[in-house]
Each structure stands twice: as C-alpha cells, then as structure tokens.
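Both complexes below contain subunit A, partnered by subunit B and then by subunit C.
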Partner chain A sequence: MGSSVSHAATLPPPPPPPPAVGLTGVLPPKTEEKGETKVDWLNLPCPVPFEEIQREALMSLKPELFEGLRFDFTKGLNQKFSLSHSVFMGSMEVPSQSSDTIKVPTAHYEFGANFLDPKLMLVGRVLTDGRLNARVKCDLTDNLTLKINAQLTNEPHFSQGMFNFDYKGKDYRSQFQVGNNAFYGANYIQSVSPHLSLGSEVFWLGHQRKSGIGFAARYNTDKMVATGQVASTGIVALSYVQKVSEKVSLASDFMYNHMTRDVTSSFGYDYILRQCRLRGKIDSTGCVAAYLEERLNMGVNFILSAEIDHRKKDYKFGFGMTVGE
Partner chain B sequence: MAPASSMEKIKEFLNSQIYDDDKWAVNSKLLGAAGLFAGSILFMRNFGDLMAI
Partner chain C sequence: MASRVSSKGKGKAARGSRGSDGRSTARCVKTWSTWAMKKAKVITHYGFIPLIIIIGMNSEPKPQLSQLLSPV
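After this line comes the complex of A and B, so read on.
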C-alpha cells in the first residue's frame, strides 16, 4: 500500500488466524467449487453463424477428397490482390439413381482472381468448361454483411445465384437469403447460455412450391462441441467433436434422411501438426478415407487423398501440389 | 379379439420392423450407424487421451 498515510491512520494489523485444529490443519484448503463466476445473462457470447453450426465437424470429417491429379498455384500480385491457376485431371463422380457409381474422366483448368480487403472480398473463378463462380462478401456496416454467391454456366436454366444479408447482434445472429428460382430463406440463432445456442431456419422455394423449417442446437465448451439439427425435409444431423489436445481433434457425425431412408455415420480424427495436417475417417458404410497435406517448403504443400470402399469396390487415390499461400 | 395391451402393441410393432425384409434393411443400417455414433462418442470421452500426441 503505497499511499502516504500517517501512521496514526493505519489500521492495526489483523489478528493472527487461530491455530488449525484437527483435520483442517492437514487437508488442503477447500476451493470454491460452485463455478468460478456467476453467469452474466445479459452478456452472452455471440453465437456462430447458423450455417457454420457444424463447422468443426465438417472441417475434420469432410476434407476435399479427390481422385486424380490436382495442382494449385496462387500468386499474390500485391497485398490485396492475387491470381490463382488450378489444374485438375481425374475422375469426378456423377450422382446416379442406381447404387453403381458413375465416374466421368474430367480435365479442367481454372483461372481465379481474389481481392481481399478487410471490408470487401471478391473471388472469381472461371473454368475451361465455361462455368463461372463468383463470390462477394461486403461489410456494409459493422453488423450488417452482404454475401453474394453466383454460379453461371452456358447451359440454360442451370445458373444459380444467392444473396445473403447477415445481421450480427450482441448475442444473436440473423440471416435473410434471396436466391434464383424464387428461393427465400431466413435463419436466426441465439445464445441462451454461455455454452448453448439455439437456432431455427425457414425457407420457401417458389418454383416448386416447397417450404421447410428446421431447428438447430449447439453446445460447446473448451473441450467439445455437440450439435444437432432437425429439418422438416426429413433430415436429422448430429455431430460431436472432442478437442483432445491443441493438435488433435476427434469428431463423429450422424446423418439420417427420412425421404431417402439413408443413414450415415462417421468417425474421424484430425491431427494438425507443424509440418502436416492429417485427417482420416471411417464410415458406417465401411468406407475408409484419409487426406494428408504435407508442408514441404514455405508455401509448397503436397497433398495425398485416398478413399477406399471395399463394398462397392470403389478405390479413389489422388495426389496434388499447392504452391503459394 | 380382445383389445391389445400396450405391451402387445409394442411387441407387434417390433416384430413388424424386424421380420419385414425391407424395413430390416433400413433398420439394420440405422442401428449400425447409431451404434457407431454412440460408441465413438463414448470412446472419445473416455479414451480420447490415448490418441493425443
């Protein structure tokens, strides 16, 4: 106590504590076990966006597996602008009605340009088969963000576009979507406790006169994240991610589609090490997959992807290289 | 017939789900996937530290 107070004004020193009696002298002092702080219900954290409610599970369990050769080169022209060149040669799966997988050999080159600003992000990609992908993300104000996604193709009636308006509140987020084919959607997510957030979404598809509603919940602590999603389209999706250590995460997810009576569950691991990132998973259909990104040098990554389905006798192996950030 | 008690209704429901081939194909996948999901959660919570580096 460094304040200049005269000796006469200082309080007498507190009396010494009474001598410890019996067990209280032997056991360590009891710490407050009823939670460190009281929950401040008016200052709950802002939840994750509704579409990212399962992001930890998706990042660990759904790497971009591919079959064939992949080469990506990104060149930054200045701090905000960069160009990218991508080559892919391999097989792409075409969704088919029967249980056989149809693989189509594909080769394409993709040219892309990215502009990254704190408030504005523009990403464009054009492929040799005539497709154009464009994404815009613009912070209109501190809390309001506009996102635009567009995929334009040569074939008529196959182009898609979507406008999203995101509003971030103190402990809630809401989003409004407008898309082509008269698609309108809205979702809202609210933190109800420091660990739990609940959300719901509605959508209306004008051209097919379909509408749907869905609910989602996310419970997260430092060590784990558990989410559940139910939709009126007959989909139930649950996921659980356990952060075992700074470098290792284990994740599991479960998806049930009532319309197609399709059930899938998978369990995977994600090792994020200094020189590599290794993700692997096993499925309830007996499919085993792994994805390795190895950092060979500054900005040079070597990628290996493998997916083995013994039941369908479908073996997919891919390798590639990524140069640039 | 005498009105079925709730126990018999449950047994009837279970039998219809198990002994019908189509339904059993879906139900066995559902049980397998649910078992994998629940088993993996139990494994992660109790033995997750074994996989740490």
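After this line comes the complex of A and C, so read on.
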C-alpha cells in the first residue's frame, strides 16, 4: 500500500543523543587520532627549551631535599608583587674531596621580593650573610626573551652571573648565553616530528680554555617522555618518564660519566594527589629518598624530607612549613 | 693600580711602535670594562631588592606602605 511504503521510506527522525553524562559532556569528543591524521610537517609544535629537556624526570627524581627546619612565608601585597621571608636551621653539606660527608650547621634568614608581570619577572633573594640571588626574565619582543641569573656575594671573585638570550621560532628554539669567567654558550632545539625534537649545544669557557659540544633528543607522547643527552665532556644521560595515570607517574634516570667511569641510575615515583604530593626515589648508590608536601589548609603546606644513604651512612631528615601561595 | 701603570709603561717601551696604539686601546677598554663591571656588581648587590620593591609598590593596585612592613 502506498501509504505504508511512504511511511517506511520516510524513516522517523533519529532519537536525540542521550544527554551527556559527567565528563563526556565537558571533554571534547574523541577524534580518531590513532595514526589516522596526517602529520602536518609544516606545522610542528614548538619544542620545550633545551635546558628543560629533562624537566619531567628532574621534577620527579630530584626534589629539593633538605636537612633541618625550613619555614617559608610568602606574603602577597598585590597580584604581581609579593615578599617572602624564609628561615632555615639545619646542616648543609659541604663538598669534600674524601668520601666522608662534611656537614656544617647553618642557620639563615632570607628575605625575598618577587615581581611577576606577563612581560617582566624580577625575583630577588638576599641572605643574612649578604649573598644575593637575582633572577630577571624580560620579554623584549614576542619571540625574544632575556633572562639574567646572578649570585652575588660579598667575597670577591665568588660572584656568578649569566645572561641568556632566547629566541623562539615556529618550531625551534635557540639560546645564546654569556656568563662570567668568559663563558659563552649556545644551544638550538628543533621539532622534527610531532613527538620528536632534537637539539644540540656548544659552550666555551674562556678562563679554563675548555669547550664542549652536546646533543640531545626528546621523544614525548601524552603518556611518556624519553630523553637522551650526550656531551663531549664524557657524560651520557638518559631518562624515561611514564605517566601511569593522572595522579601517578614513574620516572627513571641513567647517567654515565666517561671521565670518572661513574654510573648512576635511579628510579622514582611521583604521586600527585588532591591533598599531597609524594615523591620517592631509590638510587644505584644505595640512596633512598622521599619528599612529601601535604596541604593542610588553603595556602599552608607541610613538608617532610628524608634521605638515607646506606653506603655513606648519612641520614638526613627535614621538616618544614610553607605559608602563602 | 701602580703595578698596572708600570707594566703598561714597560710594555710600551719594549714593543716600540709595533701596534702599540692598538694594544694600549685594548688595555684601556679592558681596564674600563673591568671598572664598570665592578661598579655594576656593587650597584646590583645593594640596589636590586630596593628596585623590585619600588617597582612593586608602584604597580596597580597600589599597596599600602603598612602592608610592606607588617607580617599579616
């Protein structure tokens, strides 16, 4: 019958899609990315800066371990301007030639001022013994940035300073460094594929007539980052970080020094939870370390740091509090 | 300073006319740049933190002077 055929031909409109539940309504729909999109070789992403090539591994494996008491108070006067007061009482390690560790008990108060603008960042810290740590970052143009890093002391010939000029291109970054002791360095990193970037650096140390060249490669996807670095100073450094979930990542690191025939490797974890951040690592030198930052309240953080070196029988425990953003 | 002046004099006499002008200007530049770096280091050492505080106190919205000194 005509009417039933026409009814069958005109299909009823498809039912409306079910209302989005939870996260599916918030996240963008999943695009078929599994190897189907063509790589746009002319539009590669900008790589990370050369000195941050191992930043995920460094963040997970090298927290700022300390021994003693640490108290940091940051007071914001303004959106951009803040002052910080910091007290430290404990032992600091002095590098020594022999295998014994030399610890010197120190106590200091550090006053700091920060000015953070999108275009200009000024950070200064001064200690009770007169040492000044200064950092300046200034965006001269959209792509050119000037960074200055300086540690000035009252004793002559112990101050250090470094000027960095960074240029950011579409899919590359280059940097030129000038430092005290006639130090000149340059590095360049380029994205060669959406996941892989290669870089190299050269440096020249005037006062000791030393020069060096190094190469680095970084491969990263959403879930993992693998980096490798080789330098003519005889250092080979590899690292691998796997993001197991939103909250957990595992990192491992390998370093070989050809001059001293030193091999070190470490393995660590990084748990970023809602109220705390816990990082732990174990080393091939027999060193186990952990660092906990617990958020007690809005802006109040409690810090615990522990480092146990079984080989040297060196045990370092520290606790502290950080108040303010 | 005395030793530097005397070595300058000896250098000039020994080398005679062989590019002595070039050498003395290079030495002058080096002396002046070292002097400038020393002064810049002292100025930065004492003036960097006050500079940040001045720039910060003049940024918008202007904070009060009492906020600078009180611990709250």
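Structure notes:
Assume the second predicted complex is superposed on the first by the 291 of 325 C-alpha atoms of A that agree within 3 Å, B and C clash if a C-alpha of one lies under 4 Å from a C-alpha of the other, contacts with A are read in each partner's own complex, and residues count from 1 in each chain.
The rule we apply is simple: a contact is a pair of C-beta atoms (placed from the backbone, for glycine too) under 8 Å apart; a residue touches a chain by one contact, two chains touch by 3 or more.
Model, not experiment: these values are computed from the prediction.
Once chain A of one complex is fitted onto chain A of the other, the partner contacts of A:F111 are limited to subunit C, with no touch recorded for subunit B.
By the touch criterion defined above, A:V94 reaches neither subunit B nor subunit C. In the superposition on chain A, A:A134 contacts subunit C only, with no contact to subunit B.
When the two structures are aligned on the shared chain, A:V263 is found in touch with subunit B, with no touch to subunit C. By the touch criterion stated above, A:K75 is placed in contact with subunit C alone, subunit B being left untouched.
In the superposed model, A:I102 makes contact with neither subunit B nor subunit C. By the document's definition of touching, of the two partners only subunit B reaches A:Y240; subunit C does not. With both structures placed on the common chain, the touch criterion links A:V248 to subunit B but leaves subunit C unconnected.
Shared-chain residue A:L144: touches no atom of subunit B or subunit C. No residue of subunit A contacts both subunit B in one complex and subunit C in the other. Listed in rising order, the residues of subunit C touching subunit A in the complex are 41, 44-45, 48-49, 51-53, 55-57, 59, 61, 63, 67-68, 71. Within the complex formed with subunit C, the residues of subunit A that make contact are 73, 75, 77-81, 83, 85, 111-115, 117, 122-124, 126, 130, 132, 134, 150, 152, 154, 159. Only residues 224, 238, 240, 242, 244-245, 247-248, 250, 252-254, 256, 261, 263-267, 269, 271, 273, 284 of subunit A touch subunit B when the two sit together in their complex. By the touch rule above, subunit B contacts subunit A in their complex via residues 26, 29-30, 32-34, 36-37, 40-41, 44-45, 48-49, 51-53.
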